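The following blocks contain the structures, represented as structure tokens.
Next come two complexes built around chain A: one with chain B, the other with chain C.
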Partner chain A sequence: MQKRLMKTIIILSTALFTTTSYSLTADEIVKKSNLASYYSGDDGKSYVKMDIKDSQGRKRKRELIILRKDLEEGGKQLFYLYFRKPSDVRKMVFLVHKNIKTDDYRWLYLPALDLVKRIAASDKRTSFVGSNFFYEDVSGRSVNEDKHELINTTDNSYIVKNTPVNPDSVEFSFYTVEIDKKTYLPLKAVYTDKNGKEYRIAEVLSVENIKGFATVTKSRIKNLVSGSETVISFSKVKYNLGLKKKIFTERYLRKVPRIARK
Partner chain B sequence: MKAKVITDFSMKYPKRVTALMIVITLIMASLMVMIKVDTDPENMLSEDEAVRVFHNKVKKEFTLHDMVVVGVVNDKHKNGIFNVESLKKIHELTAFAAGLQDKKNEQKRVLSEYIIAPSNVDTIAQAGQGQVRFDWLMKKTPKTEEQALKIKAMALSNPLLKGTMVAEDGKAIAIYLPVSEKDFSYEVRERLLERIEKFEGDDDKFYITGLPVAEDTFGVEMFIQMAVSAPLAMLAIFILMLLFFKSIKLIISPMIIAVVTVIVTMGLLIGTGNTVHIMTSMIPIFLMPIAVVDSVHIISEFYDRYDKKLGKVKTIVKVMEHLFKPMLFTSLTSSAGFISLVITPIPPVQTFGLFVSFGIMLAWFLTILFIPAYIMFLDEDKISKIKRDDSEHKDTLMNRFLKRVSFFTYDRAKLIISAGLILSTIAVYGITKIEINDNPVKWFKKSHSIRVSDKVLNSHFGGTYGSYLILEGKKDSLSLKEISNMVLKQVNDVELKKAIDAPLTKALNSSKSEGEFFTKLEKEIETIADDASDDDYDRLMSVIDVTGSIKNRSEIFKKPDYLNYLATLQKHLASIEVVGKSNSLADVVKKVYMELFEGKKEYYKIPDTKNGVTQTLISFQNSHKPDDLFHFVTPKYDKAAVWVQLNNGDNKYMEEVVKSVAAFIKDNPPPSELKVGWAGLTFLNTVWQEKMVNGMVNSFLGSFIVVFLMMAFLFRSPVWGLLAMIPLSITILLIYGVIGFIGKDYDMPIAVLSSLTLGLAVDFAIHFIERIRETYQEKGDLKETFKDLFEEPARAITRNIIVIAIGFTPLLFAPLVPYQTVGVFLASIMLISGIATVILIPSIVKTLRNIFFRYNKSAV
Partner chain C sequence: MRTKNVILTGIVLLFQSLYAGDLQDKIYDATGFEINGFIDVRQGFRTVDADNQKDYSISELRTRLDAFGEFDLLTLSLKGDFVGDSVDEEVRAELREFSLQFSPFDALDIKLGRYTITWGTGDLVFINDLFPKDWESFFTGRDDEYLKIPSNAVKTSFFSDFVNVDIIWSPIHNESVYIDGSRLSYWNPNTQQIEGINNIMEDEERDNYFHDSEYDLRVSKTFGGTEIALYNHSGYWKTPEGFNASGNLIYPRLVAYGASLRAQILGGIFNIEAGYYDSRDDDKGDDAYIRNSETRFFTGFEKELGKHFTGAFQYYIEWMDDYEEYGSTAVGAKKDEVRHLLTLRLTKLLMTQTLVLSVFTYYSPSDSDFYTRPKVTYKYNDDLLFELGANVFGGSNEHTFFGQFEKNSNVYTAVRLNF
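And then the complex of A and B:
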């Protein structure tokens, strides 16, 4: 009798606990995940290799250095992208001021034309320098733009379904993300188009612990329709370098600071 | 005589013969369920044909697809097509089209990712405060007329879109729908038309065209025609024969022969695994008249000769004796005309020739085997009754007319011969004016909606006929040592030279390929740079610039001089009348470069350096559709495609463009030698056309000689052989002379019809000459002979002319021009060769009687 009571209590409490944690965490998981993937440390630096491969296996490579500085945790961020290779785009710089509520600011410095240009983008789902990555994939999609729904929990991960608040602004109808329970890194995102067909997959290929931060060191985005894919690998990742805010200004586009070059 | 053996057999076992024929026909008919249809004119070239291989390679390398073109025109609204209502429809139609896919095979679809439409193209434009903006041209339907006009301004200011997607007059927009397979085009058109039906208001006119649509729709309509025109022709022939012979029982037999011939031939074609192609689908139409001709000769003669006293058995035996030889030879000659097509280099034409040729011999065999058997089934009383009813037949209109012709040819022989000569001379002049040309869109009659769409859209846009001019740099083959020296030479700094000496040697000694060499070299240099001071780091990295430029030296289409060359070439293209528009990488670079410099006109040019070009392009690649670039250039930048839009798809114009470009490149050489090639459906058509025309000329000449030899053999005399060739030659001269004079293009159907002409036009002459010689032998007097000649033989010919010529008039009402052409041709062949035979042959024989009968006497 007592045993049975105990059992009931346990079952009840577990059920209670689980339900509460479900309803609470959908948004929280995403929030945590956002921080884990884009806001590690106060700033960061990384060498990036980008391999773009089309459906015929024809490759294009780019190498760059990315500097990042967070202005608010989970909010505004600054990115400085310096091109190392190929040689005909060397010294090109992209500067991005990521905003949460408004469009990002983007600048482009084209050394061969001695030109600094503001690029206005109507949305963040434009290609990042010809790759399968969108700007949003590089700098992160604002968590407020989607409604989140925890649709499944496995031993190691949460599966969250994200439906856009403003469906007209994007080309997908929803995407599901598999989020690692321990690191909160999104491991795989599958995008479904407006006809209900999966057309795009973003996956993490390797994760390393760097200075206590679980860091994605290789990821891939595949376009299932065109058959093209881009693999980005990160190396020499560093955090908390104390990057100065002024580096991330128009002034430093022409005069690339050392830390961004080497 | 062999004829007697077969005839006797057939008459002895009429039931078995008939049963056997029915069984074989049923078996062959059952094979027809295996039908595989192929309506792609591309298959006029064999799979491994060099130009076709190149075409497919280009399509792959530049991710190009065959496109269905949907044009929307609005002449009514003051802002043309750029009004809220029209744009809304275009937006909806594009979204609808993007989802089109085959229900059975999802791979067969509209390639939504490559659609060119206002909602699917990205534009680059000024966005105030020195900003440029990449944005969809029309992401959402505009709400106000101002917004619509803004879209107009944006579209027209984009040189890639103007004349291609938007008409310069602002009255039309074209949506380009790439299809994964060409044979999905018809369905795309059908489903679009259904959707368009649902739109309200009729200010917007919708037009659908493009070569894939034309070709695929032609294929579909062609098969409908097969099911409509062929039976209609059969019906017409049936009615005409009924008028002549007044007995359904009697005339049903030619019908049976025709149907059995067509079924067995098509069954065999399909059963042997051949696909039914545009060409081979015309086999029934070709076989029917030929199959009917022989039986009409038999029936006609049987009908004329039948006499109750003689009885049907003896009559048919006599008729078969008379006709066996001429029928065999008319069949052999027709067959030879078609079998010669086997030597053309075009696979579907070869198959066509082979099977028509087979069908002709089959028809002959069936005729001599089955007709006597069939006669055995007829009731003797009924036949004699038909004859009695037709008691006036001695004095019919036809008989009176033929009698008069008989006198005329005898009295005015020289006049007739001179007239024939004069006509032929004029015809030869006409033939010299023949223009070889074809255009699949013109296979539809003028009022067909595809023809109309073609006309309307080509008046609004740069052109709906796409072809691609491909330029490719030639690869050098430098040794690693030479490359290594090049690097050293281009590094100016003495200290740097020293610094990279070790990495160079190391890379040189350990590398097998150029790629490996550069990877190792750059890695070595970077390793050194990592440990160097900041200044040295930058200097060492500048070496990477050098190695990079050498490594990528084949990327010629990033170089300003090559892009400027493209632009010059395009300027030349624009000067060719039929070229409405051309697009290339140069246009992309110029447009983006100008927008980077606040849209100032003076910057509408190619940047001065390779890096300048590359950086302009990488700016472009921050758009929604960065890969659009690779429709114009390969990712390695070693090959470029210039999209050439022609507003007329006639082969002759395409050929003109190809020639003109070749001449221009010769006179204005590019910065370095480039391989020049063409791809695209419009171009492919010119290639198979040329093969076809040359092939046809050869096979025609070949079979002309073969037919002559056969004639000489049949009559055991080259002189009589030559005589037999005269009506045929005149028929060909006159028909093709008229084609030259009226300016009708010498196209695919006309080329193929030359074989039919050859095969059919000699038939009457064989019958006629055979009878002249036979009768002359008998009577020994020419005048008497002619009198006899204008009895049964002339009547049989006249009946044949009328049956075939009028019987195929239903073809004239077909919506497809090749079918109309066949109808006109059949009538012309029959009429001209018939008249030439009946009038010319007696005249010539009379005039040159000494020659003919001297030879004849010695031969017979």
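And then the complex of A and C:
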């Protein structure tokens, strides 16, 4: 009887331990993946090109420079986006103070009017500059917004299923991400809508090692419903430039610093 | 005729090469200047027959050339428009910017020349932004950019962890373009009726360099996502708010003080701004020919109401000082002591943000008048944009701010090619 009880306890606790360690692992993986994707170095700079193809096959381009500075590892970040092309958005600046627990702060500078506009930022899953990327795809989705489940492990990657904590806040019911075991970069994400249909795929097309940081240099998001897609490429990527915090203020909206321009 | 054709061909060739981007790259390589611009064709018609005005409210071809250069110590910016305007029946050049910007010290920025200046928190309502506006452009459907007129000024900005300070000095009064009857009809308080090209207002410009100079000051600070600022203007009214003995419009003295706050709350952007306009040439408010002092205030809130759908609401008041004195001296139709104004902006982005539907409406319950600006813009591709819009005015009385413009209501369409 005692033996049996002991056995049960051992089995139960093992099961419990295993499950806990599994779920911890999923959270750990996602946390590492978030750091690898959005927090490499203390700061970074990149030339960004976006090629947008709409559902009718028409092409549009965006060219911008992104500066990033981390205030906390895995936490608050500052982003400075300077638009180079096309002509109608040229010289506009988009400034984001990314917050984790509250909404981000966003400012848009319109040089033709010398106007610093505040942008309401409650919905992060709206299109970024008319592309298939959402704001969240550019600056990262908070790891606390989803429940993470490790559903499979292959030789090279972890497959994590992410279910939103607050399902009404998003258009997906869940998404699965394939995360590279070595670099922790998310290589592919597939989004499933509320009817159980896959409708959106984000894929990494190329990864380069830059100063020791595995860096995505090209990725693509496809909307399977509309047929539109956006390819984003990052070039001249640099890390640990020692970017000053003051760059990410109103002063430098009106006076674009050289580092953001060239 | 032949010369005209040659010039036209030359212009077309120039833009073809600019459009292809070759020439832009060549100029950049040779000089370090980025060259950009656009061609904008705009045609608008009145929707109501107006006496003493042409049938079309706008009819113009505009070519923008924009040169920007960044050098070791400074940046140089030059923007100019060449306009063929068949309402004014003229071809003219407009200098939109010619400025130098540099930082002699780490904590100091200086910008000088001619350029657009904006501050304050209002959305198409202004209290502490006492920089010149072009209401004629705004009411006839030119691009929003043309609401702001560039100022000739020196802007000195100091930055510190404590506060930031901007001081703007203009050696000469930079005035707004007001509705003078030449293109849009207006309520003339002297004749007590609507007038147009039959009675174009004359004003006496303050064009005496240094004597007619102005100062603007802003002290600002941002705490996280909360922006606060204090303002001061020392100069003149931007629109001619007085008459002299010969019946001409004049720009009386104005000193203004104000403050603003802008923050993110309840998932939206909240703003509040106030100011006191001290009309120095009419201290007691008993001069019937000069606008009284007044207190101005507004508050607003903007929020995403749905996917790619934003709504913004503002409530604005103008509260006249010394209303009794005004009441006992003013002749003809009188203004209310307090003017209340509500604004509503709705913006919807469709078709991956290539189609934008928007409407901005001013409504004054105290004046019983309104002004609404519906607009549709469609980006065919990165370079080509189509626009269709209207400016509709209405009111119960002929003398109120928007009511006087009822017969200027218009619709317009535009095509813009960026290069």
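The rule is short, and it goes like this: the second predicted complex is superposed on the first by the 238 of 262 C-alpha atoms of A that agree within 3 Å, B and C clash if a C-alpha of one lies under 4 Å from a C-alpha of the other, contacts with A are read in each partner's own complex, and residues count from 1 in each chain.
One rule holds for everything that comes next: a contact is a pair of C-beta atoms (placed from the backbone, for glycine too) under 8 Å apart; a residue touches a chain by one contact, two chains touch by 3 or more.
These numbers come from a predicted model, not from an experiment.
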When chain B and chain C are modelled together on chain A, clash or fit: clash
Touched partner set for A:N195, first chain B, second chain C, both or neither: first
First (chain B), second (chain C), both or neither touched by A:K181: neither
Which of chain B and chain C A:R251 touches, first, second, both or neither: second
Contacts of A:V225 with chain B and chain C, given as first, second, both or neither: first
Partner chain(s) touched by A:D103 [first = chain B, second = chain C, both, neither]: second
Which of chain B and chain C A:D168 touches, first, second, both or neither: first
Touching partner for A:S127 - first (chain B), second (chain C), both, neither: both
Chain B versus chain C as contact partner of A:S87, first or second or both or neither: both
Contacts of A:K61 with chain B and chain C, given as first, second, both or neither: second
Candidates 403-411, 601-609 or 691-699 of chain B: the single one with C-alpha clashes against chain C: 601-609
Overlap of chain C and chain B interfaces on chain A (superposed complexes): 54, 58-60, 85-88, 90, 112-113, 115, 118-122, 126-127, 129-131, 228, 258, 261-262
Interfacial residue positions of chain C with respect to chain A in the complex: 36, 38, 68, 70, 75, 101, 103, 109, 111, 115-118, 144-145, 147-148, 157, 159, 164, 220, 222, 224-225, 227, 262, 264, 267-269, 271, 302-304, 307-308, 310, 349, 351-354, 379, 381-383, 385, 418-419
Complex contacts: residues of chain A adjacent to chain C: 52, 54, 58-61, 85-88, 90-91, 97, 103, 105, 112-116, 118-123, 126-127, 129-131, 228, 246, 249-251, 254-255, 258, 261-262
Contacting residues of chain B [partner chain A, same complex]: 60-61, 99, 112-113, 127, 129-136, 139-140, 529-530, 534, 537-538, 541, 544-549, 552, 558, 593, 596-597, 607, 609-612, 614-616, 618-619, 621-627, 629-630, 634-636
Residues of chain A defined as touching chain B within the complex: 54, 56, 58-60, 84-90, 92, 108, 110-113, 115, 117-122, 125-131, 135, 168, 195, 225-226, 228, 258, 261-262
